[in-house]
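The following pair of complexes shares a single chain, chain A, combined with chain B in the former and chain C in the latter.
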Partner chain A sequence: MLDELLTRPQFSIPQEEKEALLLPRLGELVEHHRDACAGYRRILDALPDGPGRGLSDLPYLPVSMFKSHLLQSIPDDEVFKVMTSSGTTGQAVSRVVLDRTTADLQARALAAVMTTVLGPRRLPMLIVDTPNVVRDRRTFSARGAGVLGMLSFGRHHTYVLDDDMAIDVGALERFAERFSGQPVLVFGFTFMVWKYFHQQIQRRGLDVDLSGAVLIHSGGWKKLQDEAVGNAEFRAGLERSTGLRRIHNFYGMVEQVGGVFLEGPDGYLHPPNFSDVIIRDPVTWAEAPDGQVGVIEVLSTLPRSYPGHVLLTEDLGVVHGAGSPVTGWAGKKLEVIGRIPRAELRGCSDTHAYASAS
Partner chain B sequence: MTATPIEVGTAARVEVVLPEPANRELTPLLAEFATAPTSRPFSPEALDFCADLARTLARRARHLPEVQALAFWMRRAEVTRLAEAFAAREDDATLLVPQGTVFHVPPSNVDTLFVYSWLLAVLTGNRTVVRLSRRSSEASELLLDVLRDRLGEHPRVRDSTLMLSYGHEQSITDALSAACDLRVIWGGDGTVDAIRRSPLPPHATDVTFADRSSLAVIKAGAYAALTEEARDRLVVDFFNDAYWFDQLGCSSPRAVVWVGDEVQCAAAGADFFPRLQAQAVRKGYAVDAASAVAKLGFGYRAAVDQQITGYEFHGSALTVLSVAQFPAIGGEFCGAGTFFQYRTAELLDVVAGIGRRDQTLTHHGFDRAELRELAVALNGRGIDRMVPFGQALSFSHLWDGRDLLQTFTRRVTIGAAR
Partner chain C sequence: MTDESTLRKAFVDSLDIAPDTDWESLSYRGIEEWDSVAHMRLIAELEDVFDIMIETEDVIDMNSYVVARKLLGKYGIDFA
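Then we have the complex of A and B:
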């Protein structure tokens, strides 16, 4: 039986009601993981007892825990797969242990989120990437995994870039001709959509009409910061070059697959019914008031096979209040600022300098 | 004594920072440098240079405590004492001579260390090559500025000094290594591994400074007997030991070990850490978000890997992790105010927990006989220096169990016919 948080339309539950629904479920997950995961139990045993009244009182794990420790809440013979995060060579990667139940739940959850903007049917899909991003398993990357994860929401998968990141004009034209006037899905990583799609269309003066399309993009703004491109410029630019208006950024991580936050028409990222977000002040670790920048904590009722239900990320963000169910976009309004800037620490050991250089 | 520089295939270039800024091709630069003269250890020129540098730094870096400490260490009285101690090692049958060319690879993030390492090599009469980090800070900029200025007045020291800046190109490290008689590698395990990939001439040796960790021991009874003011003073000393380099200096304590009975130790810890927190607040010690997250992750990992009986968050500058077993303090560390707290009945109980990586034991409440007894029991297992609170970061030519004045020189024995 599926939880009502999954069956009710996503982004439809008023924040107060949502918190009331999440609290007992997440509280139960805390107890479940305390019983089932020795490492998690040791952490909880060491921490002082909190007041335990609201979502912000639930114990949270720093995501980096999944880089250093394999934390699982299932016996070994129930492990269905171990997902790993991206990471450049030499860097530690996160390892997230899934059983069938959690993997199924994640897939259903992701579908529930995506269908709110895509509709129930699979749409013809344009992928702003090269076909080799999913073909070559040896160089399989986070980008490849991201594309692969989205493929199930589309049909007639058409890759629009070649290996030199040049637009394959022929493929684009054939796609446009065939699905002209129909809703289509465009997917790509934020910086690739901007740099290799939008900018190239403008530079080459290509005539591209995607006014009936939905663009889903993800990956963060870091690479676009140098060009001073934020969400507003991104949206305006794409509308100019392609006519795209229905644009949804999403925010998610391998440690909480399925619980993706989706951008609403207000430009903010909204957690789905079964997820929530809390901003913490890194000086006190207390919940920061709306409007204040802090470290993003994400909560999700999905993770049963590993203790990833309440995670402190390494991203900075701001919550700008909650959306209204009337608009179809209830839930908190999150703005992701980006990764926490690296610390400039002193000390005697240069390990990192050489590790990153070699 | 002249080492021949090897040819660098790609005609590599380096930025010369000192004595005069220039972009130079490495091979001719090293050939030229190899002809610079060495000096007698503790030559009057070197002593004058030190005194001059000390005066200038003391005047120009009033606002930088770590540079003040450096200036104090090289003031004339101190260096004269060093010269006398050095002279005592020579006699009719023994002459101490420089190694030749000393190549220093200082750490990038303790701004003053390159000067300590370099000056000891200068004082002992060597030619010195220093690989400077590209990372700059107020302290390092000021140091280089003052050095450039003062070297102009001391041609002998200037001609035997070369400070370079380059990335991590191995070909350049190869050439500098091939041209030296002694290589001094600071910067911990990673740097030692990276630099060791460059071979040395057969006669040359490495002096390496690996990753180290340090701890503090306090006799709980002695702490209890202190007045309020004395406790605050002790905490100020401890704060300086720990927080000066964000608790990431190899000598900065990562653990506080209380020695005494359970009740006394619990009371001492409950009194000590709130005072430390107050001192951190007074000093305005700030922890940025990345360090705060790293501290949290470190504490949680420790909770999984070690038996943490108490996790105390005393604000962003101080986290105390009480452990039931002697804490594992080596390895990756977050710094920025994270301390293990452990209790033991007898000082000698710490022996089993100490390892080769442990460097400095800062102590309070123990007399020399007790510390000596500990050193005898340790017998080289670990710990190179025992210092009172407040002196953890005081640099000395005796470092990591080595006498650098001896390391930077060679001993010539003179046996005459009877």
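Then we have the complex of A and C:
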């Protein structure tokens, strides 16, 4: 039996009702993981007992814990797969342990989220990447895993870039001809969609009409911020070059697969029914009021095989109140600002460090 | 009624498995050959062979040979 949070239309539950539904489920997960995961239990034992009245009182783990520790709430013989995060070169990667039940829940949850904007039928799918990104399954990159996770929402998968990141014009034309007038799905990573699709279409003066398409993109804005491209420029640019108007960014992480936040027509990211978000003040760690920038904490009822139900991310964000169920996009409205800046000594500050040390 | 050998051939071709596989126990990720990449190949093959369009939900549900045989009934493909 699937939980009503999964079966009810996603993004449809008013915030107050949603919190009332999430609290007992997440409270039960805290107890489940306390019993089943020794590492998690030791962490909870070290924390003071809080009053525990609301979602913000639930104990949260920093996501970095999954880099330093293997935290699992299932016996070894029930391990179905271990997922790892991308991680920049030289950095430790997260390890997330799944059993069949949790992996199955994640797949269903992701489908529930995506079919909200795609419908139940799989659409012809254009992938803004090279076919080689999913070719060798042994050397999968995080990019490959991301593409792979999206493939089940499309059919006639057509990769639009070659290995040199040049648009395969022939493939694009054949796709456009075959599915002209039909709704199609376009998927890609935010940076690649902008740099290798949008900008190249403009530069080469290609005639591309995707006005009937839905674009789903993810991966963060860091590389585009360097070029001063934010969400508004991104949306306006793609409409100019391709006619795309139905554009949905999503925010998710390997530590909470399935519980992706999806961008609504208001331009904000909305948590699905079974997820929520809390912004924490980085000085006091108390819940920050709406409109204030802080560290993003994500909550999800999906993780049973590992204690990833309440996580403090390494991202900064702001909540701009809750959406209205009338619009079909209830739940909190999240804006992701970017990564928490790392304290690193380099450039001019080296001088200062040197001076202090001497 | 459709001959089940058509279904078995689709599995053999897309998953690259032996024709004398133990069909009743064949499950997604139960064998090395049936991973997520192969799964999408299998779905495309089934759509081709039976000339149907499988919905997202059924792509996720189709996690064993037995389930596949049953789910295809929804698309008017019944096996003798």
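In this text, the second predicted complex is superposed on the first by the 338 of 358 C-alpha atoms of A that agree within 3 Å, B and C clash if a C-alpha of one lies under 4 Å from a C-alpha of the other, contacts with A are read in each partner's own complex, and residues count from 1 in each chain.
The rule is short, and it goes like this: a residue touches a chain if its C-beta (ideal position, glycine included) is under 8 Å from a C-beta of that chain, and two chains touch if they have at least 3 such contacts.
Here the structure is a predicted model, which is why all the values come from computation and not from measurement.
Contacts of A:P341 after superposition on the shared chain: chain B is touched, whereas chain C is not. In the superposed model, A:L316 makes contact with chain B only, not with chain C. By the touch criterion defined above, A:M65 reaches chain B but does not reach chain C. In the superposed pair of complexes, A:R174 makes contact with neither chain B nor chain C.
Of the two partner chains, chain B is the only one that A:W285 touches; chain C does not reach it. Comparing chain B with chain C, the partner in contact with more residues of chain A is B. Put simply, chain A uses no single residue to touch chain B in one complex and chain C in the other.
Listing the residues of chain B that touch chain A in their complex gives 107-111, 113, 133, 167-168, 186-191, 193-194, 209, 211-212, 245-250, 287-294, 296-297, 300-301, 303-304, 308-313, 315-316, 321, 335-336. By the touch rule above, chain A contacts chain C in their complex via residues 80-81, 104, 107-108, 111, 114-115, 118, 120-122, 134, 137, 148, 151-153, 155, 157.
Interface residues of chain C, counted against chain A in their complex, comprise 29, 35-37, 39-40, 43-44, 47, 53-57, 59-60, 63. Residues 39, 42-43, 45-48, 61-62, 64-65, 68-69, 282-285, 295, 312, 314, 316, 340-355, 357-358 of chain A are the ones that touch chain B when the two sit in their complex.
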